[in-house]
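Structures incoming, each one as structure tokens.
Two complexes follow with subunit A in common, the first pairing it with subunit B and the second with subunit C.
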Partner chain A sequence: MAASSQTGMSITLEFSGGAELLFGKVKKHHISLDESTTAWTIKKLLIWVKDNLLKERPELFLQGETVRPGILVLVNDADWELLGELEYEIKENDNIVFISTLHGG
Partner chain B sequence: MPVCCAACSGKAVLKRPKTGDALCRECFFHVFETEIHHTILDANLFTAGETVAIGASGGKDSTVLAYVLKLLNDKYDYGLKLILLSVDEGITGYRDDSLTTVKRNQKQYDLPLKIVSYEELYGWTMDAIVKEIGLKNNCTFCGVFRRQALDRGAVLVEADKIVTGHNADDIAETVLMNVLRGDIARLRRCTSITTGNEGYLPRCKPLKYTYEKEIVMYAYFKKLDYFSTECIYSPNAYRGYARAFLKDLEAIRSSSIIDIIHSGESLSIKKDVKMPTQMTCLQCGYISSNKVCKACVLLEGLNKGLPKLGIGKGLKARQKLVAAGMTLTNTESQSTSTESTAVLNTDKQSLEF
Partner chain C sequence: MDAHTSSTCDMDELVELRRNLEEKSLEVDRLRQKLKLYEEHDKRHKAMLDCELINDNNLHTIPHLSVISKLENSSIARHSRQLILPEIGVKGQISIANTSVLIVGAGGLGCPSAIYLAAAGIGRLGIVDYDEVELSNLHRQVLHTEDRIGIEKSASVTTAIKGLNSSVVCIPYHMSLNSSNAIQVIQQYDIVLDCTDNVATRYLLNDACVLTGKPLVSGSALRFEGQVTVYNTQDGPCYRCLFPIPPPPETVTNCSDGGVLGVVPGIIGCIQALETLKIASGIGASYCQKLLVFDGIDGTFRTIKLRSKKKNCVVCSENPTITQLIDYEQFCGSKATDKSKTVKLLSNENRISVENYANIVKEKHYHVLVDVRTPCEMDICQLPNTINIPITEVGKNNDNMHKLKTAIDKLTDQVQTVPVYVVCRLGNDSQSAVQILQEMLSDLPVTIKDIRGGLVQWAKKIDPEFPQY
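Here is the complex of A and B:
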């Protein structure tokens, strides 16, 4: 994907542990977020994901304004709980991973 | 502003749900493995020379269990012979994929693998059962058969023990469900780290105090190969309100999970409370709380073309009938199918404890 020619911010999203089933079984998504006057936080990203990527059963991914409890979030391989969770400000080339723990053991 | 590891001041990658500590990758691996090692030692789970069958589904919990047990067995010289044991329910497109994962694990971890199938044990695959009974009570069949299948497989490989991947979240969820159901017998048993001493092979849960979050993080950082999809016959993967409630509790206060397990462990039951007695099944000899075990009643129903037999409220009465060798008439089957709207719990957990 020729993200370099765009003015927005390029990041990678990954869905696994069964969460990918809600995203057309695609695990890895390279996306570009438009330039914005307010910072791109994860809170804002989740709304974007809901409107642009989520294919089915949004209630299995989101609960209120956050992810459904039981879905783990990592930013650049670190637990988002160490990074401010919803308030984390996304940076260029961030890799954000969502792992469902809710699918069979 | 990177957070530092509480143990070594390296870059923290995870906040432990149990303690709130921030840890780096290496320190996390160390505490994760060491805690399981201590759980094993404290409960005297194993004795050197034993053969231990690891119930392996290809999913995250059993994959992490197999990896860590192999590692601890080598590191601390437990002297165990470990075998991966998988059950093939005969579900096209689900179990065959997860078995492929188990076969890869076999090579990755260099452990022997034994697969037992419903077809060889019972003469029925889940695909065939679903064709017969539809999608309503199939999980009941599957759960009852799986429990016995693991046991029989373990006997075939001459194992002394079975270990399963049940984690702290699973156990807390079971405690809640047994409280809600008022099932005092299961409530008393479900927090034990080892169950089934009489008749059945002992079953242990070395991940009993291990949070699901940490299991998934461990698998992620170690890049362990596991399979995650919903069973095609339970597309909504009904885990009950107990699970959603538990996850909400965890989000508010993450120690809730371990607190619930401790509550379950501290429970004492008055001496004069009548508990169900255990006996052996007249037909297959497996341990049962009735004259004929649930698996045999379900199987009898399938083989007689009355698959609803054994589901619902009338189960006990029918277990007696099968025990007495009485023939079942069609009227019987009709009354059964109306009763069967009072569906047995279809949750895998409740059937396995």
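Here is the complex of A and C:
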């Protein structure tokens, strides 16, 4: 494991707007993705997140293979829609942020 | 002898009479004071309602804004510090004075944005809110005051604005916006501020602003976080371009469940006012096609570039499928308020009333009480002899669940089946907890019920001294 995580890809995941409550109240996660024959897309990352990081009630974060309505996904501070959404290929040191939109006032 | 007795009697009677009279005159004083207080309150209320409240019946009567082309001396003196900013100048100040702004929601976001817009000399300010001021509003809705508790929020904000800048034409709408009145209201304004607290009204405002071509300055806040985006202007996206599908209702948290630190909506409301003034003066908005994310715990402001207008957006694209307002409560599956709703997950035989539970305590019947609120809420108030298992921990393998099983174990010597009662603040989470516990503890000799209406009902019906939050 240790060897593969050294050769793997390091990225940062952040959760905000209350999404962090589903991840043990931790907002920032430095993770390492194992080397893989197929590219790490966000689609693949979401499955990894569900299996490895998500602490409770996956239905509050995911719906089908994507994030639930009301969560914005940003890659390096830009809307993932500008980058191909689920198909975006993750690169070393990427910063991926999941923001649950707020409605209170 | 008789005379003596009768005179003693008279003396007693006299003392009694004097005491009685004194008591009555004290009572009269008390009543007078009370009357005076009520009369003053009534007078203040009437003075506040000097402005006519607008509702569905008199929507057409709102005062027009008279357009100005030069600044009066009093206006020059008042706004001198912003007038000398080259970005504003006389031209910008005249534009601000000729702008009509509608603020929807006179709460944590609406209060700060309203007062800064009024201070800056906005021409006309409409304030929409269906609610009245409550004590629990004052920590964040800072234009309301203790003596205005119970008064319409829109009237309360109008009073505060008149006190700061009497030249602003302020119009209080005591009503909720819905698909039958929103267009008529919004049409009368140049810029709309979304200071609301619920998803349904956010979609309603978006669609109404797209249909009438008004910029929408949208803010939101919860806990220590806030977000700002300006929609539907400078060719940027609308709310639906970003969020074509509303969030599932169970993923939406309101301020009364999630909590909010008052200054956080304060900061967000001020940024909404700033963006509005930039649009009004011709500078233009910064948060068009951008999202500002403020995190008050980390002390960070982060600006995110958002997608552009969606080519197939159902409302703002060239071929929209929504050309008039729809039923937004139905579309979102949630009400157009942020009031906590009561759910009914359990049948009546799985619930008991607060009165019945009070009896159980009074008659010292063996039982176990479980409170499923957070430890933070337990610190505010709790009933005696409670086992705390926060709702997120119920049914998991942890110390609290172990404590519950031990408590049940201890009682099995005393009773055949051990009654377990589950309580929370409002009686919603307690029902989910009962469902989980009934399944999990099915091999134990227990009956598990929830206390209907929770601690709020306990305070209302059993113990008026019990804190409510």
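The rule we apply is simple: the second predicted complex is superposed on the first by the 96 of 105 C-alpha atoms of A that agree within 3 Å, B and C clash if a C-alpha of one lies under 4 Å from a C-alpha of the other, contacts with A are read in each partner's own complex, and residues count from 1 in each chain.
Assume contacts are C-beta pairs under 8 Å (C-beta built on N, C-alpha and C of every residue); 3 or more make two chains touch, one makes a residue touch a chain.
The model shown is predicted, which means the values in this text are computed figures rather than measured ones.
Superposition of the two structures on subunit A leads subunit B and subunit C into a clash.
Once the two complexes are overlaid on the shared chain, A:E56 sits against subunit C while remaining clear of subunit B. With both structures placed on the common chain, the touch criterion links A:A39 to neither subunit B nor subunit C.
Of the two partner chains placed around the shared chain by superposition, subunit B and subunit C are both touched by A:G70. Of the two partner chains placed around the shared chain by superposition, neither subunit B nor subunit C is touched by A:V26. Clashing C-alpha atoms with subunit B appear in a single stretch of subunit C, chosen from 5-13, 59-67 or 329-337: 329-337. Judged by the document's definition of touching, subunit A residues 16-18, 68-70, 72, 74, 77-79, 81-82, 97, 99-105 lie at the interface with subunit B and also at the interface with subunit C.
Those residues of subunit C lying in contact with subunit A across their complex are 105, 107-110, 194-199, 202, 219-223, 225-227, 242-248, 250-255, 258, 260, 265, 291, 293, 295, 298, 302-307, 338, 392. Interface of subunit A with subunit B (complex): residues 16-18, 21, 68-70, 72, 74, 77-79, 81-83, 97, 99-105. Of all residues in subunit A, those touching subunit C in their complex are 16-18, 27, 56, 59-60, 63, 68-70, 72, 74, 77-79, 81-82, 97, 99-105.
Note for the complex: subunit B touches subunit A at residues 2-3, 11-15, 22, 57, 59-62, 165-167, 169-170, 212-213, 215-217, 220-221, 228-231, 237, 239, 243-244, 247-248, 250-251.
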